[in-house]
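Working notes for the structure below.
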Amino acid sequence: MLPGFLTRAVAVLLGREGRSLHLKAAGAATAVLAVVMLAGSWAVVGAEEGARGANLTSYPKALWWSIETATTVGYGDFFPVTPWGRVVGAVVMVVGITTYGMVTAALATWFVGREQQRRHHLAHGAHELGEEAVRALHERFDRLERLLDGK
Amino acid sequence: MLPGFLTRAVAVLLGREGRSLHLKAAGAATAVLAVVMLAGSWAVVGAEEGARGANLTSYPKALWWSIETATTVGYGDFFPVTPWGRVVGAVVMVVGITTYGMVTAALATWFVGREQQRRHHLAHGAHELGEEAVRALHERFDRLERLLDGK
Amino acid sequence: MLPGFLTRAVAVLLGREGRSLHLKAAGAATAVLAVVMLAGSWAVVGAEEGARGANLTSYPKALWWSIETATTVGYGDFFPVTPWGRVVGAVVMVVGITTYGMVTAALATWFVGREQQRRHHLAHGAHELGEEAVRALHERFDRLERLLDGK
Amino acid sequence: MLPGFLTRAVAVLLGREGRSLHLKAAGAATAVLAVVMLAGSWAVVGAEEGARGANLTSYPKALWWSIETATTVGYGDFFPVTPWGRVVGAVVMVVGITTYGMVTAALATWFVGREQQRRHHLAHGAHELGEEAVRALHERFDRLERLLDGK
């Protein structure tokens, strides 16, 4: 149920062909992070179950743990103590950091693109001028030919 | 009182039309972060009040907690233990990370823009040369036409 | 054994000459991070051995500590208590942060490059048009000369 | 003694006129971070002295605390408990995050610049072609004028 719902969410995010790569990547990374946090909350409770000194003993606690892990806050109120629980934690950490890196990179791309639009307009203007100038030169040739023919 | 003051601060930051998007976005994100940290400090004390094992019991403690949460340091000296307190914490985390991502992206945009100015000057020079070259070609046509007419 | 294996891994990552700088840098940083985390896990256990209050007493614990340190999560379930253990910790932190900075920067470069390809195509089109226009002008000269010669 | 030494270090880092803004900014931020971490270690011990439950009681501990605070790891083995100690902590956090943001932005600028050099070479080639084409057109005018004069 959950994967089906999320696959559809990813499809919706990725399906808009017109969007830029950076928006699609940031959206997809956020969707993947949501899946990893929900799946990680569920997996870590299973991994930690019955371990000595385990504190990740219920799903609400595990969801809160996955939030503070993905954001790298890590208060230390909850943490995995079993090897498999720590593998889940490492995955949540790496996916969380990568997602925020993608969002930062997408923001930078958006800002850089907006800054470059002014330069782009300038370049477009130069392009227009080029076509205009070439047309003017052809008109001069037309006049020259008429001059020569009319002689 | 507080929202009014902050709305004005945001307005001041956003109101300068001439500023680039990345400066406006980084300024607005910092203002939003300040609001979220102050409002979060207040909200988390309310949410945690009377909960068993709660440690966020006063406003100064909660303000310090919101600082270490927004910067993702998370010493673990203070943390929410109630569902609503954790929702507040999650909001502070996400807004904090997004703000620092915006600041990083704005810095990158500023650096990239400064690096590109040199290339921009070069492109501007090429544009000038184009106009100059086209004017020179028209002068050649003028001379040709005078030659043909004068015959 | 381990350095040999990792040197080869770095060589593989760096050996592809055709790759862009940002991919090579992000790949190399990730490889260096893996080395630093593995070597740091080993070094911190040696540094902490026998210290009063030491909690990094076994290799699996130290590997988990190096993961939560490199990602800056820092739950506080494990941390060095000796000067040399803390030097190792500082190295793992700085290498971890730098690696994630490189990955974020490489993502930004990839996104910015993809965004600029459209502008590049446009510039390429303008370039093509320029050659086309110059060829057309030469054809006009050819016609003019035939006109003058044929007279 | 310390400020004098560090001012000189900053001067050396900033004094090389030929360097790009992003390298100067990243270098200056790293120097400022070093100053803030050293000064913060000293200030936090003074602020925390004699406070109930204070754990930042010696300079080596405070230096380690400033490292794990600036990198946002925050194990929670040391943290300030007094208002002024927390102000120092907040400064160390913000300067640390800003420095890593600057380093990430400088890396991105370096990567983007290297990626754009190829495009720059292409643009330079187009510029060269333009001058070449204009020279060829002037030669055609010279030939035309000789044709007309020779008649």
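Here the chain labels run A, B, C and D in written order, and each chain numbers its own residues starting at 1.
Assume contacts are C-beta pairs under 8 Å (C-beta built on N, C-alpha and C of every residue); 3 or more make two chains touch, one makes a residue touch a chain.
From a predicted model like this one, the values you see are computed outputs, not experimental measurements.
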When I count C-beta pairs in contact, which pair ends up with more: A-D or B-D?
B-D
Chain centres computed over CA atoms; the one at greatest distance from subunit A is chain D
Subunit B to subunit D, mean C-alpha position gap in Å, rounds to 17
State, to the nearest whole Å, the distance from the C-alpha centre of subunit A to the C-alpha centre of subunit D.
24
Which subunit D residues reach two or more other chains?
72-76, 104-105, 108, 112, 116, 123, 130, 137, 144, 148, 151
Note: in the complex, subunit B contacts subunit C through residues 72, 74-76, 104-105, 108, 112
Listed in rising order, subunit C residues that touch subunit A in their complex are 60, 64, 67-68, 71-77, 100, 103-105, 107-108, 110-112, 114-116, 119, 122-123, 126, 129-130, 133, 136-137, 140, 143-144, 147-148, 151
Quick check on the complex: what are the subunit D residues that touch subunit B?
20-22, 25, 69, 72-76, 79, 81, 83, 86, 89-90, 93-94, 97-98, 101-102, 104-106, 108-109, 112-113, 116, 120, 123-124, 127, 130-131, 134, 137-138, 141, 144-145, 148-149, 151
